[in-house]
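This is the structure I have questions about; it appears just below.
A, B and C are the chain letters, set down in written order, and residue numbers restart from 1 in every chain.
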Amino acid sequence: MEEMILKIEDLCFSFRTYAGEVQAVRGVELGLKKGESLGIVGESGCGKSVTAKSIVRLNPDDVGFYKRGSINFDGKDILNLDTKELLKLRAKDIRMIFQDPMTSLNPTMRVGKQITEGILNAFPKMKKAEAKQIALKALKDTGIPNAETRYEQYPHQFSGGMRQRAMIALALAVNPKLLICDEPTTALDVTLQAQILKLIKDLQEIYDTAIIFITHDLGVVANIAKDIAVMYAGKVMEYGSSNEIFYNCKHPYTWGVLQSIPKVDADKSVPLIPIPGTPPDLFSPPKGCPFAARCSYAMDVCKKVEPPKFIMENKHYVNCWLYHEMAPKTINPITGQEVSL
Amino acid sequence: MKKDKNKISQSAQSVSSEKINVTKEMFVSIKEGSLDAEAIKRPSLSYWKDAARRFTKNPIAIIATVLLAIIIIFAIFAPILSPFTYDENNWAISNQSPSVEHPFGTDNLGRDLWVRCWEGARVSLTIGVLVAFVNATIGILYGGISGFVGKALDNVMMRICEVVGAVPQMLWVTILVIILRPGFMPIVIALSATGWIGMARLFRGQVFQIKELEFVMASKSLGTGSIWIIFKHLVPNAMSPIITSMAFAIPGAIFAEAFLSYIGLGLPLPLASWGNLASNGANVFLTYPYQLIYPSLLICVTMLCFTLIGDALRDALDPRMRT
Amino acid sequence: MLKYTLKRFISLILTLFLIATLTFFLMNAVPGDPFALDRDTPQVIRDALNQKYGLDKPVFERYLIYMGNLLKGDFGMSMKFKGQSVVDKVATTMPISAMVGLGGVLVGVLIGVIFGIVAALNNGKTFDFIVIIAAIVGVSIPNFVFATLFQRFFGVTLNVLPVFGYKGLLYLVLPIFAAAMQNIAFYARMLRSSMLDVMNQDYIMTAKSKGLTRKSVIFRHTLRNSLLPLVTSFGPMIAGVLTGNFVIEKIFGIPGIGNAMIMAIQGSDYMMIMGLTIMFSFITVVMYFIVDVLYGVVDPRIRIS
């Protein structure tokens, strides 16, 4: 049985604002094994990015604070790590890539130097020449042609897709144990999206890195994630393997998301059904299930009490009252069958 | 070693949520009418109303405006209410330190400095506001015409701007005041004649931006006269940087007037302006400091108020910061 | 690059010509007869001046003579102080003005930048608030107020520094600081907002995610990008350095070019006023030109366009 490399338990993270506390993450539980990939899917503002940054404590520490919970990585208690250890962790073990390749690279520093900087930071005793070789190899691995020339260039001389590749090279050059991708394809057009996704998948196998892939687009994670967590309003609504989520999902929110995605082979006469309404304000989060206000299956209990976790076989779980024994019979719109655990 | 802020103690466990008993009755479907999860619909305000709202919500702006209002009120009423006039010589009481009778003291000719300071306020503020308005007017007309007509005319007009602007403004002003002889109107004319360049460039830039927008094209095709187009459509849109510029131009004019006084081209005595009061005060600063302190204080406070108001205006009128 | 420089150079010459013309005609518009010589001027000198400057001829001829002299480098002579030419005056006074001006800029930039950076790094804390307030207030206080305050405080009360005249470099300390005050306020504000802007950028997040220490992030990434806007502000600032600061020179009695101008104005020495004005403008315009060309060197985008 493989060890869990990352274990997040009951993570609660909030921001202090002039008007009060905004609860961005409200009790998230996630786990990841070595070399595996996890997708976190949710709409804007659901807390997926904050969750990811929490793993390496990259949220602003003057206005953000951990209310509760624990994050365990490779045996280390992240939230109680001292600064020196934390920086070492960020340098070597856990790396991130971000959404906008245009602004994620320092415009006044050569690309090669930015990569080498990361390598030397992770391995302080390494010689500069050796670090440069590693950086060049990383550039080549991400499919950037003429790596030697590109090494000396500035970010504005790269195209958008190449910049994202450079970001990936920067992150993977030190062979981290975990790579967190925060919406890396959102700012790219569809063809580039596909390329970058394939690249990340291929590199994952070569480097044997665990991956957390964050996106609002369920379609994007289909190929790349082994497990998927669906987040809404700071909580995980449903969690399961990729297959389970796509073909046997249980939560009304996930149903809504799947129904609103255009499919290549869908009948053109069947309309896309968007989910009405907008997410709740996290200043004063609703008492019960956060999705209740927009859910067509909502019951009285949903508005009053938070649903507990209902765990099925093969670690698929869902937080929804529909799976309580006292709930009325309902039809799962995706599978057409009766709702059951 | 510094204590890490993010250390949370292991003992901080979950807060127990109130245990509500879940009963069968609660599993009743409810209509999804309550989509009140989302935003309270705020009434959408017009641009100017929104800007005004943002300005008035800024505490610094309010304080600065109130201070300025106080100064203006004093400028209007203090000389009227005082028993002394600004040019009343009385050698017997010359160079007296501040007292109840003379709150700001007296100068070397025995004139009451309180009255002179507030008379000076009238003069300096008037100069400032006048110059700002004239600069804005000339600037809008010049920049508007240059920007709207474009091409060759624009080239020539901008060249002129460059040449006039290449020389430090104070130099032109100095020469103009020498020619016209120091006085209230000459100073206003000199400052107005040279300070419009910034506004003209600013407005011309705005004109270029807006010229490209479609609604202006549409308006043109309907046959409305060209000057009218400029005024009706462009002025409201381009007004915000102009207004902000004006707020900053007023202290600039006040300072320029003070500068002229220092080099001997200020208002001739016995007229009082903050500039010549400060200049005279500086000459005797080491013996009678109060003669410089009060006019300088007034200048500084006024300039500060205008700067803060200008800053606040800039933020309030910025369309990108619309809430 | 050469084409760019040539274009700017032609522009420069044109501007100089127009300024000289404008100034000449403005000066000749002064009521009364500004260029009339004192009644007690000896005839011999009168003749010499008339010959050189055509003072007895109509305006337009005088203009041509004047422009011709300009090309030869003769900016005119003082009418009041016999025998002193404008060029001489400038040569003796400009270095001093330049020292004060340059000193004011250097001190202002140095101190302002440091304060701005430290304020940004302590955003929201007390030091930050102090700097913001000091900067706004500093910009609102005219430099003559600072000048006189310094005179009183450092010269009289503490009696540590000389406050008037110029008998050595020590005499320049207070004038330089008085000139620097507004620069300090300006640059502190600029650097602070520049730093805060940069610190919010995505690439700073990337740098942090690489595990760099706070110090490394600041020095290797934040600072360099924050200093960029500084460079663009240098142009106008440098151009003003040489022309000196009238008021500061008057208050501290520094015999600089600004002081020369004031003396000329107060003495109604119109030839000198005209000559100095044109000289001032020429220097300013030439400085702008040099700065423009330097921009072209520093910023490759301009070179290529």
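The rule we apply is simple: a residue touches a chain if its C-beta (ideal position, glycine included) is under 8 Å from a C-beta of that chain, and two chains touch if they have at least 3 such contacts.
The structure displayed is predicted, hence computed values, not measured ones.
Trainee: Where are there more C-beta contacts: A-B or A-C?
Mentor: A-B
Trainee: What's the farthest chain from subunit A if centres are computed as the mean of the Cα atoms?
Mentor: The chain lying farthest from subunit A is C.
Trainee: Taking the mean of each chain's Cα atoms, which chain ends up nearest the overall Cα mean?
Mentor: B
Trainee: Where the CA atoms of subunit B average out and where those of subunit C average out, how many Å apart are those spots?
Mentor: 25
Trainee: In angstrom, rounded to a whole number, how far apart do the mean CA points of subunit A and subunit B lie?
Mentor: 49
Trainee: Could you state the distance in Å from the CA-based centre of subunit A to that of subunit C?
Mentor: Each chain's C-alpha centroid was found; their separation is 56 Å.
Trainee: Across the complex, what residues on subunit C touch subunit B?
Mentor: These residues of subunit C touch subunit B: 11, 14-15, 18-19, 22-23, 26-27, 29-31, 136-137, 139-142, 144-145, 148, 151-152, 156, 240, 243, 246-247, 250-251, 261-262, 265-266, 273, 277, 280-281, 284-285, 288.
Trainee: Give every residue of subunit B touching subunit A within the complex, in rising order.
Mentor: Answer in residue numbers: 1-2, 4-8, 10, 12-15, 17, 20, 22, 24-30, 32, 34-39.
Trainee: Looking at the complex, which residues from subunit A come into contact with subunit C?
Mentor: Where subunit A meets subunit C, its residues are 56, 58, 62, 86-92, 95-96, 98, 100, 103-109, 117-118, 121-122, 167, 170.
Trainee: For subunit B, which residues count as touching subunit C in their complex?
Mentor: Against subunit C, subunit B makes touches at 162-163, 166-168, 170-171, 174-176, 178-179, 181, 251, 255, 258-259, 262-265, 278, 282, 285-286, 289, 292, 296, 299-300, 303-304, 307-308, 311.
Trainee: Which stretch or stretches of subunit A touch subunit B in the complex?
Mentor: 10, 27, 57, 61, 65-66, 68, 70, 79-83, 276-281, 286, 290, 293-306, 321, 324, 326-328
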